[in-house]
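Next up, some structures in structure tokens.
After this come two complexes, each holding chain A, first together with chain B and then together with chain C.
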Partner chain A sequence: MTGTVLAPLFVDALGEFFRPGTLSEVLLNGLSKAALYAMIASGLTLVFGLLGVLNFAHGSFTMLGAYLGGLVMVVLVGSATGDLARVLFFLVGTLVVFAAIGALGGAVEVGLIRQLYDRPPIYQILLTFGLALVLDEGARIVVAFYGLQPITDWRDALGTKPGFMAENLEVAGLTVAPLALFQIVFGVVTIGAVWLFLTRTRYGMVVRAGSEDDEMTAALGIDVNRVFTTVFALGSAVAGVAGMLLMWDPVWGASLPLAHETLLPAFVVVIVGGLGTFRGTVVAAGLVGLVDATMTWWFQNAITFTGLPEMMIFLVLVLTLIVRPQGLFGVEEVGGH
Partner chain B sequence: MSLLELDGVETYYGESHILEGVDLEIEEGEVVALMGRNGVGKTTTLRSILQLTPPREGSIRYRGEELVGKETHEVADAGVGWIPEDRRMFSQLTVEENVRIAVPKGSDVEAGLELAWDAFPDLEEIRDRDAGDLSGGQQQMLAIARGLVGENDLLLVDEPSEGLAPLIVEAVHDALEAVAGETTILLVEQNLPMALDLADRFYVLDHGVVVDSGDADEVSTDSERLRRHLSA
Partner chain C sequence: MVAALALYPFVYALLVASPLGTEAETLLPRVDTMVGVFYFGLFAMSFDFVSGYTGYLSFGHAIFYGTGAYFVVLAANGQVPLLAPGTPFMLMLLLAGLLAVAIALAIGALSFRLSGVYFAMITLGFAQVAYVFVRGWDYVSENPKDGAAVSTDVHPDGFDVGIPWIDALNLEIGRLTGDTVEFLFVSLSGTEVSYYMVGLVVLVCYLAMQRLIHSPFGTVLLAIRENEERAEAVGYEPFQFKLAAFAISGFFAAVAGGLSGGYGRSVAPDSSMYFLVTGDALLASIIGGFGTLAGPLYGRLFDETVREFLSKRGSGGGLLPYLRDHLPASVIEADLVGGLTVGGAIETFLNGHASLYVGVIFVLFVLYVPNGLLGTVRDRLGGTVAKQLPDYLDRYRRD
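On to the complex of A and B.
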């Protein structure tokens, strides 16, 4: 009886899902999530690949990037500021966030994490977990001090978004979200820049070498500690820039929960792609982003069951671990230490 | 002044006392073989010089300058190169990138590549291949090429013939012989004929101390003097 009632509903939903307007919306949403996940997870995987450290404070860098970027925008943007100027200010904010969060990441590596390289991994996990708590609570105090709601989005920052990004466009029957397009382009440019850095520069070559064998790299006259600091700073900075992008997104917004809401999918992406592999992380980000967007649509439009969309990416994780435990592009043993 | 002097070097892995007071000297231009059974501390001696496993006691002076307390990259910058036991290629880097990374910062990379390709023309043909896809012999050639382009005054070479076919061992011997004309070498090698043929002098290590030393032409592969310490 139940089956005969549900079957037509499912067929209807299937028809709706494959409508060009819906598909384009889901695809764009999925790719924008993929771009964001790739930005956040690439830092996580670079740090793990080179330093052998699983950084539980990585999501906090994204959250701090969102707040700092929001602060820059709120300070610079007035009600009379035009759309083009808002985009330019966004780029200025990106540079500020990149520099500030990168400097914070570098200081964390030099001041805290470096002291524990010779200890078992559990020390680094506990340290970065503790650091995440300190950063999150520190941000909570500051946010509360200035009278903002820590749990909900920072509305003033959301309001600095250019007008043309606020509404979806209908183009030839397809639904196009300008903000999602912006996130995709920004993510592709950022990931492309990191990829060029890794593959086309001497320093990138050193990073890849150090990820495989830090002792041999040092024996070639390379100051591996300096490379560790640079990579930790770079990974943190890119995570912060991803936060800047999320600050304009009404689904996310600058808020304290952003730290763990971004950390968990990023960990899923890193593990699915293969710990420590940049290429795997980018591919896995695409996979997880598209699965996330697809399942979000299904659970919002065809199956009402709160919380399940978020769980589906963990299903991807479980399936990957069963079928290919080392991840899509992973090798059996990785880690700089 | 010797190029390298080890004086009472004592090195531990955790609580395991591996080197129990190693003394040795190497003069500029020499090839010195460091011999001994498995597990007597030969590789640890090289790791101690490079400060990868820093000694707890003793002194290691290179051109009169103390190395103990320095970082590994500073030891390498001073001119000490390493061709490790298991080659330790960067398997995800190409052959060319493995050579490029070994050229010291500020040096002419193209000249370094030329030097490597001149010494090992076969490597030039596979310069774009990932080092992880090379055979053992090709990896050993690449490891030597990496040592060659590093502009080192002293090369620490660890078991270069290990696990290689006889024909490849011969090629490795010839390559090291060519390098020996340019660079001082401390050679750890179980292949006695090869070690004695290349070396000017030798040291024999047993249980973390030097138990014998002398000129390489004083001994032969079957001499009782060496067999006493090297046979299982």
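On to the complex of A and C.
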């Protein structure tokens, strides 16, 4: 309770924290979280930048991706399946999730969101919020129908993880979680692909032009509505794939609350980075991921206050908005300043 | 409408006792549910007061509701410094409201420098920090994740609604601990007394907010919603008006939270501070009518009615128990597809899944009825009286 008791404990913990073993573990953890946040948030920020819609149903796409990915894996993988085959099946599952969630996202844009572009932005928040309710409850019905626990992680899907990812590796005295490495690699590849798409392809140029000024882009003879649909589908698909990655992660797992657990940090990342800037989102994902991992470590080792990591994430959000309201890389005009 | 609500418990009791009793029980919300409609409706109104009238979406509004609920429960347990457990409930509500005003001023001073999506997000951020905080704060109770309950040792009585320190003008609320009333030929159960007393507080709060909305102050709020720059150009300082609206709305949200804490004698972080609580208020506001003060109450009534209709519980009616009682077993057991019976299908797809249908209705409202129930009715009436009539007259004149 008193300072005299706390201080040595704190110093001990500080010394423990700066050991290379701990630092590398925290760093790896943070980067894997950053990779996941970046994947989920990049879709959110692309959609906001281009369509001006803050998508509350984004987390639900991640959750659906986790379940769908889990389903593919459970169907394909038997107990005899080797590790390499499991990774290959995972890639197959990724494609399935990408296509399915992308199609769903496209349908949502065409069917629902398109009708609201000329209304005040608040209506798009409302619509996607309602959509999230429907998707979550729909998933709950299906999940409960097949006798799965909706709240806890889906065990069978977790069980399809290759054996080598389940245990930690010891490399030169440092503990390395292969799953975290896998997530980082996967995230970097995905983010890299989206970035290349945006900056190196003609279509990506159109998307960037549309974010800048959609009326001007339309005036140049480009079908902006179709670009909107594509970007919404792409963003949803990447979020779905991120969900597929989370399915193997015992910390997250495929479950219904996953929708909120991912939506809120993704919001924080998007706002901290600056709405509508892809670069800002990636940087902010790194920042939030590392803060999260650091605080998780402190919470587990030194400070007994549950929920500390989550609290820190939102404090980052609040502080950013106070100090630099447009976010790290944001432009003043975006988002109704 | 107030009269209709005042008679509701009698009408409900009459209908349930009538030959069509089971149907009435199935369709109508129970009186107990209605108490929840009242206090949550007040919260939704306070949410609408700032969000619907100034256009600033206060997405962290649950922080004020939670403040009220936690304040009342902690005060009743003697855990609030300088406040005895026996403090009159009305005074607790007032203090909870003032605490919320202080919080609202602090949050608002920082948040109203932003607008649009950023405003919604920063208020959400503040509320989530508070949510995570109370969820981990072991001062609240031994298991803060599940919240706290009013201890029967420290505070054995129900919470009094009425004029403080005058016993004759107080009635206790609560499901089990509430007062019962025998007066002439009328006898009211604890729940029914709570219905009236909670309803009374909500009515007073509603009238206060109504008064504010129709004052010059409320007009400035509308001006800010419609065109903030112009309001500023005319000479009003939008920041001060927005901050004042936020604080007032925080006050009433805390009163609503306090009522819920007093009636339920407990508080849990997930049903008071979480962002989905704000979501429920949003839902009620949109269905009832965004920017109409009474609308959110009707929205909540609608929401709760649907939820109870599709609830799993047998008491108070609901679709499934009703069908079980009234359809022949052969229909219930009949196969639809591959071993799925009719009863099973209802169980799977309807029961306890009201969120799905409320969500669908919500989406339809956003798309096609953006003014909500009350807003649309007002539009219709306004259209017939104020607009249609001159048009009709014009037409006749030309002839």
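Going forward, the second predicted complex is superposed on the first by the 333 of 337 C-alpha atoms of A that agree within 3 Å, B and C clash if a C-alpha of one lies under 4 Å from a C-alpha of the other, contacts with A are read in each partner's own complex, and residues count from 1 in each chain.
The rule we apply is simple: a residue touches a chain if its C-beta (ideal position, glycine included) is under 8 Å from a C-beta of that chain, and two chains touch if they have at least 3 such contacts.
In this text, all values refer to a predicted model and were calculated from it rather than measured experimentally.
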Contacts of A:321 with chain B and chain C, given as first, second, both or neither: second
Which partner, chain B or chain C, touches more chain A residues: C
Partner chain(s) touched by A:114 [first = chain B, second = chain C, both, neither]: neither
Contacts of A:145 with chain B and chain C, given as first, second, both or neither: second
Partner chain in contact with A:268 - chain B first, chain C second, else both or neither: second
Which of chain B and chain C A:130 touches, first, second, both or neither: second
First, second, both or neither for A:279, with chain B first and chain C second: neither
Touching partner for A:222 - first (chain B), second (chain C), both, neither: first
Chain B and chain C contact sites that coincide on chain A, given as residue numbers: none
Touch list for chain B against partner chain A, complex: 50, 52, 71-73, 75-77, 81-82, 84, 88, 90-93, 97, 100-102, 104-105, 146, 150
Chain A residues touching chain C - in the complex, by the definition given at the top: 48, 54, 112, 115-116, 119-123, 125-127, 129-134, 136-138, 140-141, 144-145, 260, 264, 267-268, 271, 275, 305-308, 310-311, 314-315, 317-318, 321-322, 325, 335-337
Contacting residues of chain C [partner chain A, same complex]: 55, 57, 110-111, 113-118, 120-122, 124-126, 128-129, 132-133, 135-136, 144-145, 275-276, 279, 282-283, 286, 348-349, 353, 355-356, 358-360, 362-363, 366-367, 370
Contact set on chain A toward chain B in their complex: 202, 205-206, 208-209, 212-213, 215-225
